[in-house]
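We just call them A, B, C and D in the order they show up, numbering each chain from 1.
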Amino acid sequence: MSIGLATARSVVDEALAVGRQHGFKPLTVVVLDAGGHVVAAAREDGASNNRFEIAHGKAYGALALGMGSRALMERAEQQAYFISAAAAALGGRLIPVPGGVIVRGDDGAVEGAVGISGDTSDNDETAAAKAIQAVGLTAQVA
Amino acid sequence: MSIGLATARSVVDEALAVGRQHGFKPLTVVVLDAGGHVVAAAREDGASNNRFEIAHGKAYGALALGMGSRALMERAEQQAYFISAAAAALGGRLIPVPGGVIVRGDDGAVEGAVGISGDTSDNDETAAAKAIQAVGLTAQVA
Amino acid sequence: MSIGLATARSVVDEALAVGRQHGFKPLTVVVLDAGGHVVAAAREDGASNNRFEIAHGKAYGALALGMGSRALMERAEQQAYFISAAAAALGGRLIPVPGGVIVRGDDGAVEGAVGISGDTSDNDETAAAKAIQAVGLTAQVA
Amino acid sequence: MSIGLATARSVVDEALAVGRQHGFKPLTVVVLDAGGHVVAAAREDGASNNRFEIAHGKAYGALALGMGSRALMERAEQQAYFISAAAAALGGRLIPVPGGVIVRGDDGAVEGAVGISGDTSDNDETAAAKAIQAVGLTAQVA
């Protein structure tokens, strides 16, 4: 089952709450369904102009290749040319640093992905993973 | 002053409420700041895959040329080649049918835009305009 | 001889002066050299976000096909598919309405082009042509 | 408050004056508003064809990610694949070397950005920072 709007908005709220709780810089959160299409997004005041595109690319790229964007980073460190070519093939919709987390349901099926950008990549990922868990779903970071 | 996240989320909520009240088909709502960058978005369950891109293009195109997307449609009916060329110049981020509404503040300054897609273009525009007015801002549909 | 910066800035100043004198809406003026590369640009306060791209496309398209953008419009009215395909071939850098004017020197050689957007296409063209003439050069509108 | 044309043109003049005073190679200066849209540009005689695009990408990328382009370079030196992917996500509008400087007002708010290309990246940045300070605004280089 793909993520619906109610769940997506809860994930956004939870992620922003994590950010505020930890004192992260302003976050931008994007939630995609299993097909990689936008369900919900929010960009906090003070976030720079194009954080949506970065957060989106983390989530879209994760679903595109079936691994959290942390695994995309690991691949980029080994074979930068592959990730560069994949990003080009996807029209730029792949950002290979942590913060793009795949969402799985009880049965292990992919339900969507969450992308966050704004603080360090590690903190972006933390906010995404905690938010996914807070709504009772499973986070796949790599 | 550009639209912030709190206002943008209120606009999204109001627009979805209008849609439910009138029995519109599932709506996708995108709110952009004055620079044309995503602040908030929501796509209701049952909306087709790429409604975000359509709603986004209505709002982005409105801000790009400084007129509601209803005026873009009127121009397209007179000079389709101009609107087609403008869309290409903007990387496809211009959708010339009603539903892209510029948001102005008390002083008349542009604060952002709202794009909605899902029902008829006229109904999409109605939801956008009502939502903007509900949060105390001014809607420019053409 | 291609347009240099001093001449380009004079053209911008003259065009903005024409706009103010006639009460035109805020204008955006782009001056390209003979190779189609930006030499100078100015976007007046109150002009919408992407007027640079529109003004640029008028001037770039004019140089691309060797005719003022009024002639591109006439061609679009006869063969919209040709202009649409040409715009695509040029990465969207062709806007086929008046306001893109080729600049020629005493010897008739192409020295560059001026693109203006903001008021009606006819008024945009008037501002461009008058500005070119004011600096002692020849304007080719079609 | 976003940068208006009068301020943008003063920044261009100051930057070109710095260039001449220090004997820099011909400079291209682009000033963007807070939304990343062109307000003013000038390319000095002798500058190569596409210096506008380079200067633009320094300024646009700085606003996109909320850091001067010197910080983009530092990130590129650590994670080239991230900056490469971000550039692709932004349609190529990100050039990660010094010379893209964010402009802030008295209250610290982002008012726009200046991008300069033509001499060494360090000198490009110097011209941008000095020009921003000369008009009474604050320059953020990283």
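Keep in mind that, in the parts below, a residue touches a chain if its C-beta (ideal position, glycine included) is under 8 Å from a C-beta of that chain, and two chains touch if they have at least 3 such contacts.
Protein identities per chain, from UniProt: A, B, C, D = Heme-binding protein.
What you see is a predicted model, and the numbers here were worked out from it, not measured in a lab.
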item: Selected pair, greater C-beta contact count between A-D and C-D; value: A-D
item: From the options A-D, A-B or B-D, the pair that copies B-C, where over half of the contact pairs coincide; value: A-D
item: Separation of mean Cα positions, subunit D and subunit B [Å, integer]; value: 31
item: Whole-Å gap between the CA centroids of subunit C and subunit D; value: 25
item: Rounded Å distance between subunit A and subunit D, as computed from the means of their C-alpha atoms; value: 30
item: Touching two or more other chains - residues of subunit C; value: 49-50
item: Residue ranges of subunit D touching subunit B (in the complex, touch as defined); value: 2, 33-37, 91
item: Subunit B - residues contacting subunit A, complex; value: 4-5, 8-9, 35, 37-45, 49-50, 52
item: Complex contact set, residues of subunit C against subunit B; value: 47-51, 53-54, 56-57, 73, 76-77, 80, 83-84, 87-88, 92-97
item: Residue numbers on subunit D that touch subunit A, as the complex places them; value: 35-36, 63-67, 79-82, 84-86, 88-91, 110
